[in-house]
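Working notes, structure below.
The chains carry the letters A, B, C and D, assigned in the order they are written, with residues numbered from 1 in each.
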Amino acid sequence: MTQARLTVEDLTVRYGALQAVRDISATFQPDSIVGLIGPNGAGKTTLLNALSGFTDITSGRVRLGERDITRLSGQARVALGIVRSFQTVRLLEDESVFLNVALGCERNPQPTVVEQIFSLPRQWRARRRDLAATYQILDTLGLSEFAGRAVAELPYATRRLVELARILVVHPEVVLLDEPAAGSDRAERDLMGRTLRQLHAREPFTMIVVEHDVDVVRKLCSYAIALDSGAMIASGEPDVVLENDRVQEAYFGVGHRA
Amino acid sequence: MRIAASIVVMAFVGLLPFALDSYWVFTLSEVMIYAIATIGLDIVFGRAGQLSLAQASFFGLGAYLAALTTTLPAGLQFLLVVATAMIAGAVVAIPTLRLSGLRLALVTLLFGELFIWALDHLGSLTGGTQGLVVPALAIGDSNSQDPTYGYMLVLFFAVAATLTAVQISRTQFGRRLLAVRDSEVAARSVGIGLVRTKVAAFMLSAIFAGVAGWLYAHVVGFVAPPTFDLFPSVYFLIAVILGGAGRVAGSWLGAAYIVLIPQAFSIIGQSNLFPILGGGVLILVALLLPGGLMDGATRTAGWIRARYAAMRQMSSNRRPA
Amino acid sequence: MPAVLAVGSLGNTLQVILGGLATGGLYAVLLLGVIVVFQVSKNVNFAYGELGVIGAFVGYVLYSTLHWPTPLALALGVAAAVVLAAVTDLTLIRRIPDRQGFDLVVTLGALLLLTAGTDVVFGSADRQYLNLFSDKARIVGGVYINAGDLLSLGLGLVALVGGHLIVNETGLGVSLRASAEDPAIARSMGIDVLSLRTAVWAASGLLAAVASMVIASRLVLDARYMTPVIINVFIAGMLGGLDRYWPPMLAAFGVGLYNSLAGYIFGSDASTPALFILVLAVLIIAPKRFLEERHEARA
Amino acid sequence: MIDNGRRLLAVGSILVLGLLVACGTGSSSGGGTGSNANCNTSQPTQGVTSSQITLGETLPLTTAGPSPQQTVDGSQAYYDMINAAGGVKGRKIKLIARDDQYNPSMALQQMRNLVQQDKIFAVAGGQGTPNFLAQAPFLNTQAVPAIAPYAPSSELGNMKYPHVYMTSVNYITEFQIMTRRVLDNFSPKGFGLVGVQGNVGDDSKQGMKQAIGSSGKPLLYIPEQPGTPDLTPIATQLKSSGADWVFLILTPSDTGGLLKAMQRIGYQPRLAAWAGMSDQTYIDQFGDLSQGMIVAQELALPDASDPDVQKYVQQFTKQTGRAPSGFNNSLGWSQAELTVKALQDAPALTRSCVEYALNQVKDFKTGILPPITFGASERQGVNAVGLVQIEGKTVKQIASFKSV
């Protein structure tokens, strides 16, 4: 269904003297689920930031399909369907779940501000379309009952789902998730993993997930990339990558097996 | 049901000028004029979170445009005010885009000071510190400075402003404003253009203030710099916060407060007490009711409803569920 | 727009520079209070200048009406401002809800309340304050080196250097910076963050009172004389950035000097546009990173 | 609900368009600019009952120190005296003074209060220029006579505002007379003028220019923004211009601040200032910096030997139990005196008849103001100022009233 193949070539991001990400080349196949693993400070979040346009790229290229998007702003990448979540939930805490999710409809073509304010016909159609999409994703994620509640009143795991709903309310091409299960317990992690798999099965999209939990990576991902100190040290099938010696060492501090 | 209630309210408000004496009719017109400008500030501050201390300058811009273009037809004046306010809003917004909080407040304050400075120094045009007389706007066989006609004129625009503000809450643009206020990161992650949204908010709020100023000049009949300096800007801010940021009804409450309470104090001959009360109320509301009076009212209503529901429950708990 | 006034002799220009630096020195004293308060509590106090006004007024009433000895009267005036500043923190600032702009709103309310209160309590007539040495001068090369100007300049330099030493070279400074960086970590280090905050507010009251007394001696005493002064102080803080030290403190001297020179060269009523142009120029030239107040936590 | 809201908005938009079309007929000015040269005894009126005449005024009671209240006290003392003697045409006079905070909008609001709520018959007195200027157009449209407001301005005192009867000299005249006086007596080398930027400063400059004329004396005019935090540049500019006479028309606080700045740079020119600086509250605070300052005098000093002045001082003292305390007491008394004369002379207690009586006033001596004369098209009743000088803690007369 998705045609866009996301590729990075020799990607480097430098903050002053620090090379947060260096010379990474990878291809993210359409509709695949890719796990990004590695210890803290390995550059996983920086890579997501570089893919989503939240940080400037020092050198290298990012392509979506044939299109070079290296210089595109985050806003322009969202318009192409590259959307993301954050390690800590970013929601409008005082506003309702409904409003937070509807915010994601920004990716639908919206009428001009003048049309919106004067409620001209294009705005009627846009509003009907956005309301329907919002209620549908709320329903899919089981959030309907919370639609009118302020986000701040909800438990953390539910807020994670609200953020996910905001990303998925308009069907995305590429979804970048930064530790979607951070701060959750075992059961919540498993639930999040299952939910992601189901959503992906229903309407496939390319998904890149930063995840620490080895089990989640094994069950969820079709591909894995391991980073250490900004560099890519292994990639391939999750089971193979996780067994890789350098990954074992970087990840678990285990030395080479003789 | 709501439509019926709206019609009753509108009829009541429309008939008010025939029941009150001209002084109170004029005072209510003033409340409505200030409500329009307050609703405008609520868009840029209450919703988009951009602390602006230039609202009275946009208000003054509209007022002085009215004073200087009295020979033009009213429709043309109105369009001119809207266009000029839009430009002014953008002019203030663009250099301040990278700023927030105190910095933004100070730069908008400087814009306001510059506006007053210009009024004072363009004496041949603006009447300088002495101000300008504004001839009444003819409406049929009466004019805008007749209290009843002035009231009707202002009422019309106040209703339009209120409906516009309500409509904004129902649009994606309205959601963009809140996102810009609450989390710029979240706003960017869904693809909201921060610059475009902030500039639009400033322009829109300037239009509201400009139109309010235009009405002010035609209804009051006199414009002078002190009506548009830093203090009124601060009072607009007070109105937004007091009423409840982001709430249209709150803007109305706030505007009523900043117009009627000083009057009440002057009627009892204690007008010097208003700033004291004003300062105290501002502190108390910000500390105790951060959502403003509207929020307080909503919460009280919710509490009463919950109690009422609980009582109903108790009285009916013998019936099968 | 008045025509550009001819700049007089070098002596006159130096005279204006001295006056501007003296005013800038007082701005620096005031700004030091704003900076430490901002760094430790992340709040800006609009009522800051008015605290100083009240201190100056208390001193005035004690020496002028009750005829107490002047040093004692002034000391008690400063003490009044210190207490008031601490009380402001204890009763108001601690309770401010965590929403953008609410510290400005609450302190704006305090400004209105205190200004109107000062009018009611002390009366709204303009009063002449103590000379504080401004009647003593020596002429050097056509320039009147006035003891009052030197006092202002000296206070500014003391604030500049003293502030630097306290913030950067003492244990107190370490505590301050720790609480500014992360109150939770500071608390775990055994620092009583809340008391420290109140102490910093009290210190800002001291600075405000001292500067306000000297400014009253240069202008007049009434309920409002500090308002235009404090706006210039905030502008200096804005130009330099309240989360830094040297840039804003030097900007305080700079704004005082710039304003006086602009007034001297282009006429007194050109100071508003002159200041506006300065601020706009800095906004346009300054790099983006310089203007960002704080980043949202890791994206 | 969604659709209803939309319909409401659509209706609103149509209404906007309709209104814009309806309003497209242009503007007209308010009516009522007749000069009321004739007395209409049957004119409908308000504020007059069989026992009382209600008058009103606005003043900056809370923002300009104690002085404006003293003006009200002065007027009230005169009305008390008249009321005790039976009032005017058998009616007691009631004065309502409202606070306008020196803010034009507030002033207009308060004038609406007075006319529409308190139903005053006429405006008697008042103080402050920008605040009164905001009220003048309203008074025009309502055709309410305003008697002797203290609002020195070149805008007033002419047939643009035919219902306003001025007894205060505008700043053009005041500074013209003062400058001429200095030119005649002190052979100045050069003039400086520091004035509040805007109309007040500009008027003063115009008056000085007219007096200096072709005498070739230089004049440096420095407009000042109220509340300037450093006044050294102004003082230095004056000093470097070589002006040995500096004229001031500033707020009392900025006057004090500028004199301090002059002191700091060792600059000691002769000083001259607008009438307000003869106020005792200013002299009490800043007298030491203002020794020898020449101040325009609009009202007679209470210690003058003129019999009319003596009569005023006597009456005031008898009425209040104390001597008049300065400018503002006298001002208020004189405003009330002219008002009562107009009411007494009026053939009937209607507004047009009171204006008819005012038009007949000729060389009326209050003992405080220079003789007042109005006419069918003369609204500036006084055109003369005297001069006083600050000496010690008081002022001394140095020149009697003189017209341009």
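In this section, a residue touches a chain if its C-beta (ideal position, glycine included) is under 8 Å from a C-beta of that chain, and two chains touch if they have at least 3 such contacts.
Since we're looking at a predicted model, the values are computed, not measured.
For the interfaces A-B and C-D, the C-beta contact count is higher for C-D.
Distance from each chain's C-alpha mean to the overall C-alpha mean is smallest for B.
The chain with its C-alpha centre at the largest distance from the centre of subunit A is D.
Between subunit A and subunit C, the centres computed from C-alpha atoms are 48 Å apart. Per-chain Cα centroids separate subunit A from subunit B by 41 Å. Subunit B and subunit D have Cα centroids lying 35 Å from one another. Multi-chain contact residues of subunit A (touching two or more other chains): 54, 86, 118-119, 127.
Residue positions of subunit B with contacts to 2 or more other chains are 117, 120-121, 164, 167, 170, 183, 185, 272. Annotation for subunit D: residues 2, 5, 9, 62, 197, 225 touch two or more other chains.
Contact residues on subunit B toward subunit C in their complex (touch as defined above): 45, 49, 51, 95-96, 98-103, 105-107, 109-111, 113-114, 117, 120-121, 181, 183-185, 234, 237-238, 241, 272-273, 275-276, 278-283, 286-287, 290. Residue ranges of subunit B in contact with subunit D, taken from their complex: 2-3, 6, 21-23, 26, 70-76, 78, 117, 120-121, 123, 127-131, 133, 135-140, 143, 145, 153, 156, 159-160, 163-164, 166-167, 170, 220-222, 224, 226-227, 262-263, 266-267, 269, 271-272.
Within the complex, the subunit B residues that touch subunit A are 164, 167-168, 170-173, 175-176, 178-179, 182-183, 185-186, 188-193, 200, 204.
Of all residues in subunit C, those touching subunit B in their complex are 1, 44, 92, 95-97, 99-102, 104-106, 108-117, 119-120, 231, 234-235, 237-238, 242, 269, 272-273, 275-276, 279-280, 283-284, 288, 291-293, 296, 299. Note for the complex: subunit A touches subunit B at residues 52, 54, 74-75, 78-79, 83-86, 90-95, 99, 102-107, 110, 113, 116-119, 123, 126-127, 130, 166.
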